[in-house]
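Labels for the chains are A, B and C, by order of writing; each one numbers its residues from 1.
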Amino acid sequence: MVIKNKTILIKTGAKSLNDITSRIKDEVRLSKINEGNCTLFIKHTSASLIIQENADPAVQEDLNNWMDRLVPENDPIFTHVQEGPDDMPAHIKSALTLTSVSIPFVDGSLGLGTWQAVYLWEHRAEMPGVRLDRKLLVHVSG
Amino acid sequence: MVIKNKTILIKTGAKSLNDITSRIKDEVRLSKINEGNCTLFIKHTSASLIIQENADPAVQEDLNNWMDRLVPENDPIFTHVQEGPDDMPAHIKSALTLTSVSIPFVDGSLGLGTWQAVYLWEHRAEMPGVRLDRKLLVHVSG
Amino acid sequence: MVIKNKTILIKTGAKSLNDITSRIKDEVRLSKINEGNCTLFIKHTSASLIIQENADPAVQEDLNNWMDRLVPENDPIFTHVQEGPDDMPAHIKSALTLTSVSIPFVDGSLGLGTWQAVYLWEHRAEMPGVRLDRKLLVHVSG
């Protein structure tokens, strides 16, 4: 078995879905492994992973707006408030989505469906002092 | 290491949990691999995977009804409406559940608990022109 | 490839996040595998896995309280009630979080971010006759 582990940096926008599909495909190609499994693991708890439709950008906006309404800022139930009003909602949104996802590949080609893209979902708002560079561990084996 | 990748087709009913456990067990058995990991990856963004209780069918109905109430159709927040009123809710329900799941196996036997079954959760409603044949990638390695 | 599969028991408290990070690190160390992937699979449908912030305990309490409010007991939509008022909410909370998670490791060290811990989220309330010993399958390969 061959294993390739790499941590890549993803620059994200505030509260947005960031398409990282081409970055993942690059890593699978660079691994020179023909058939195997690609596991993504995000090293954060206020950003997460999802696989969603890449055709209509409105899907990504609707997802973001719906989630923002489900988990609003300044909810009086929150006691963890010292890192800003967007931090606890970001943790909850992360808990409701994915920290890791595994995508098998065959003939060097990721097994994504026709309309699927991989997104790093940034849940934090842009604030002074908050860096939005996210670390993603890409594990390719086969 | 031996790797077996196969895409299988699952015929689903509208807005329902479809038990695919025996299909997955078949693939592990056919792989002839004794010990390893079985990764399932659904190639769609309006249907998803979950592992849930298989004993009382009411659990599956309650799950479905609860989720349908959490993410109702015709929510004015949705702008992606051209594929029907059930499409954007289906994307959100998929985002809240699983796109991939990994189940280790030992002695050819999947590590599911006594009451666990694997379900393909169809989030779309039955509509003319919408096919409910879903593609599932089954990756068995060991 | 070397594979180590082990089922470990986790004693949980009622409706709480239980930090299992050190248990997982132990299994990776015991496997003596230097580089690979660690897949966790919980063999239950009323408890689940998440990876969340380990710094401020208030994050875990807020997560628990928020989820409890989203999925309250005694919801009239539930028909599966014979196992107690907390059982169907526990299934839903499990469906919204993780049944399996894969964490790559390098040089024997799990790829968790600085503030990440692995939690077994117990969704059941303490009740006479309900055992809160949970089985977790730990699969280490590399």
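Criterion: a residue touches a chain if its C-beta (ideal position, glycine included) is under 8 Å from a C-beta of that chain, and two chains touch if they have at least 3 such contacts.
Remember, it's a predicted structure, so these values are computed and weren't measured experimentally.
**Student:** Could you check if the interface between copies subunit A and subunit B is built from the same residues on both sides, meaning over half shared, or from different ones?
**Tutor:** Mostly different residues.
**Student:** Just how much do you need to spin subunit A so its Cα atoms sit on those of subunit C, in degrees to the nearest 5?
**Tutor:** So the angle, rounded to a multiple of 5, is 120 degrees.
**Student:** Could you work out how far the Cα centre of subunit A sits from that of subunit B, in whole Å?
**Tutor:** 20
**Student:** Two-or-more-chain contact residues of subunit A, please, as numbers and ranges.
**Tutor:** Counting only residues that touch two or more other chains, subunit A contributes 1, 96, 98, 102.
**Student:** What residues of subunit C sit close enough to touch subunit B in their complex?
**Tutor:** The contact residues of subunit C facing subunit B are 1, 3, 5, 7, 39, 41-46, 71, 75, 77-80, 82, 88, 91-92, 94-96, 98-100, 102, 135, 137, 139, 141.
**Student:** Which bits of subunit B are touching subunit C when the two form their complex?
**Tutor:** Touching subunit C: residues 1, 35-37, 50-53, 56, 58-59, 61-63, 65-67, 69, 96-98, 101-104, 106, 111-116, 142 of subunit B.
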